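Common to both upcoming complexes is subunit A, partnered first by subunit B, then by subunit C.
Right after this comes the complex of A and B.
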């Protein structure tokens, strides 16, 4: 019988590729996380992770860095996105492009440039590792925050905002009761663009703090370069768990939001 | 009014800050000193140095070759995957969709580590040697990019007119021909933006490259050096090498030209669409 191409069969190569190079590697990580270097089953990596204050400190520090960086980026990016989306100015699209353009310059080069300029003006990573790292992180992630926020704010319901004003809300109330609730999906996707990448970043803390600040990404990298597959794999699993948790939390939120949206009608 | 001026000056302040590092590098690419901040007169020596520096040129060549090949492969896989999933049964489609979402949410460093662990094990058990090469690197970059191609093509599929494909079949096209002549041309905008995204993801990548690279391409017997890994190795020891300041200036110029060209092209197309609507 002649082989007949059906459209749905087209996804076979892609699915095979994903299974081979995404699913199976994750299974390998799980295997390595719970075995020792001889391949015997053990909880060593788990025990050593949770008993080592050093590694726990890295975990807590990374979480803190991610939270602070997410907040900083949102606080800077939110007003910018709002201004650009609400201005009647035709050129606002061009400004958004201008914000995104630095991202097309090689990431490592850009990070090193930030470091060199900061060193030049006296905020060298050697002396001020925290300030330098936070500046570098914010610098890198602000464009990622502006894009999703901007596209959400373009869709804000202007009539609702006007109605809020007409019904006697002051400016702050208009913001807290109408503008902000409407922009929450954008805020969440912006936060997702920053939170996990910050935790797993390697180049930025390594370059800007000159090796003084170790985030989760760095410690996995160190494990990799010392061939400590087992402990590095376990840390990768912790990272996957955190990804899973953030996905669950934000999914609940957006679902609630969708329900709220439908009940409004 | 004052409020407006204040808020817009905040906006432009941040915008200017975003460009400070890049502009500083560009300004100091026209002088000939080791450190930025030192200026000893106008010179184009760094540009000459850049093009005569073998190491940088090899890294640049590797980066471009890898970006193009990985973008082609990920575009092929992403597009066929999206078309296939779109016309599958609902349950299968949800499955592919979730599979596709995995590498999107998975941190890069976990993707990189999982691939390394697998390649090391497969190399040890089956081949009894290291299998890191151009091919492992290619796999890494395709994993990064293909899901985003998929996500770029999906909305275009949802906008398609389903009867066109069936009309093509009724009019005597083979399924393959109907696909190539009817469906793919309508998906071109999505495919193109996916392709461009794949290229930029590959150009920018450091972590996956550093983990899964092996000998090959222009680097010959040595581990493949891309721009990211080369720069990372050099900045560990000191400031950005002077000739790379010239490279930054050139990259910025290219980006600027592409962005301006793209904006003009988009404007023209949207006015064309408007004109057509007026008829």
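Right after this comes the complex of A and C.
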């Protein structure tokens, strides 16, 4: 019998890829999370995680950092995206590029440069770890807010703004009753692009706070580098769960507007 | 004061955009209360801009818009009792049908007169009015299209009004919102009017185009505007739906009793629905009238061509009430000076078709189309095509006779008799510059008995002339401009775009517009499409020029 390539067979490489690099690593993490150093099944990691105030504190601190950073990025990014999307600005493409361009520079290098700049203007991480970290986080994640918001707002129908004024809205009401509700899908996906990566961010807090702030990503890294594979794996699972939950919560909105899509770190 | 029956009154309104394009040019018309008025015209004729100025999305550069006698020219849309149905509906996708319709109601504020304990009205300075006047003053100062004198005059008038508003106290009002129950009732009533009762909880994207259309109408009428504006609302619907909606809109208009201003490019729609039609072209009103009047008595060839199907011919007045076209003298009822060149319009259904030899003119049928109610024939009479609609059936290719009754011949003043360019000038090479392009011309016509001696212009008294930079008026007859297809060809002197074409029986009348907005009007036997890029050639001897100043100014 001659072999005939069918559409079904085209997906074999992808399935192999997914099994090798997604499914098996996750299974490994689950395996390590629920075994001890001798390979026996145990709940030790779970118990030690939920009884360690230190680790719980890191989790709560990371959540707070994520929430604040998401809000800061949205507050800064939303007006920029709105201005860019309104046709009045002819240079908008250039400005989008200016915001996106730093992303082409190596991330670790960029963060080191940020640290140097901050030190130079007097906000050294050693003295002001929180401020430095927040500046660094916002700087890095604002492009991820602008892009999904920009693409949502480009699709907004200008005549709807006219329709809203026609029906009696003043300028503020046009925004609160028409523009903002319609840009919510963009806001949600922008928030997703910022919230979860902030939690697991490792390089930024490490570099900019000079090791003074430990976020969830940092503590997972510390665990692995200290050969505590079991507890670190369990934290990784917690991380995965949080990501899953946020995805579930925001699914309804993003279905309508599957946008954004850039690499995450 | 103004006539109270005019709900809206436009007075010499112009709209000039920042790049100096004139969208609406000195338009004046009024609309009576409860009337159904249609603004009709081809795309880009300024009808939508006019509507948008009435709605308040654009502000007029010049002129005034009066609503019930009050100037609303610079009032923002949310302060006008006017609502609009948008071309693409512009429904809010994040709200369902109910909330879309209730949108305006939730914002609506009902004024309640304030009274003190004894029931006497409380008087206060009207702050809203002061704010509006200040806003208007600000806009007037920034308006680039008014001359300084006009500005000063207007500002003076406004500051008078401001003083008055600041010193006189008026009845004060407080504003209340509608209750949820009132909103419910009003939405239900609106849904009933547009026949969408069962759909109030559906989301917008699950509705068909026709249903969205109805929601858009309901959303606009539910706030009880004094005027409903409709910007080509049926454009996105299919033919059958459009016909149904036309009738329904008309019915709604009667039921609601409010004024409708409707914008369309579809002449049939306009004829079906309107009480009054306003035909526009290039930002200028061509004709205002009842549908029947416009159909029967078009003012010019453009209107005749745009409204309904028509045969348009070049004709000449032979005698009193006798006009010659199609190589035949016809009796007519319009009076024009003898020998004047005119345009004649004959509607296809007004031509009577008979067997060969039983009518005024003979022709051969070259096409026959069955149209349901009647046949549509094209009859070749000499070199002219005549479109005829008749219920009688004749064979394709048959020779027939045609009769035209005097009252079916509508005669119009000719739009153009010659091209005149008032800002032409002469360049160094003794060419005439029209639209900044050189045209070879017989320069000697400027001087009596002139001739060229050693490249210099000399008259019979041996006086020499230098016409470099001389301002002249150039004239080119309509039939002397040649259209050249190949714009690269050396014969092509200027390139333009065809912006208008009217078929006149045996040839087309084209308006070719150059980049600098100069128009060349010409006849041609060949068919070109609108927006075609074509070249123009004019023979040297066909350009007539005359100096603006005395010829003695150019003596050397």
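As a working rule, the second predicted complex is superposed on the first by the 250 of 265 C-alpha atoms of A that agree within 3 Å, B and C clash if a C-alpha of one lies under 4 Å from a C-alpha of the other, contacts with A are read in each partner's own complex, and residues count from 1 in each chain.
We adopt the following convention: a contact is a pair of C-beta atoms (placed from the backbone, for glycine too) under 8 Å apart; a residue touches a chain by one contact, two chains touch by 3 or more.
From a predicted model like this one, the values you see are computed outputs, not experimental measurements.
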| item | value |
| --- | --- |
| Subunit A as common anchor, with subunit B and subunit C clashing or fitting | fit |
| A:160 touches, of subunit B and subunit C: first, second, both or neither? | second |
| Which of subunit B and subunit C A:200 touches, first, second, both or neither | first |
| Subunit B versus subunit C as contact partner of A:173, first or second or both or neither | second |
| Which superposed partner A:46 touches (first subunit B, second subunit C, both, neither) | neither |
| Which superposed partner A:222 touches (first subunit B, second subunit C, both, neither) | neither |
| Superposed model, subunit A: greater residue contact from subunit B or subunit C | B |
| Subunit C versus subunit B - closest C-alpha approach in the superposed model, Å | 11 |
| Doubly contacted subunit A residues - partners subunit C and subunit B | none |
| Sites on subunit C touched by subunit A in the complex | 55-57, 76-78, 82-84, 86-88, 90-95, 103-104, 107-108, 219-220, 223 |
| Contact set on subunit A toward subunit C in their complex | 157, 159-160, 162-170, 173, 177-178, 181-182, 184 |
| Complex contact set, residues of subunit B against subunit A | 7-8, 10-11, 14-15, 17-22, 24-25, 35-37, 77-78, 80-89, 92, 96, 99-100, 102-103, 105-118, 120-121, 139, 142-143, 146, 150, 165, 174-176, 179, 200, 203-204, 206-207, 211, 227-228, 231-232, 235, 239-240, 244, 247-248, 251-252, 255-256, 259, 263 |
| In the complex, subunit A residues that touch subunit B | 4-15, 17-19, 21-26, 28-29, 32, 76, 79-80, 83-84, 94-95, 97-99, 101-110, 112-117, 119-120, 139, 142-143, 196-197, 199-200, 202-203, 207, 217, 220-221, 224, 229, 232-233, 236, 239-240, 243, 247 |
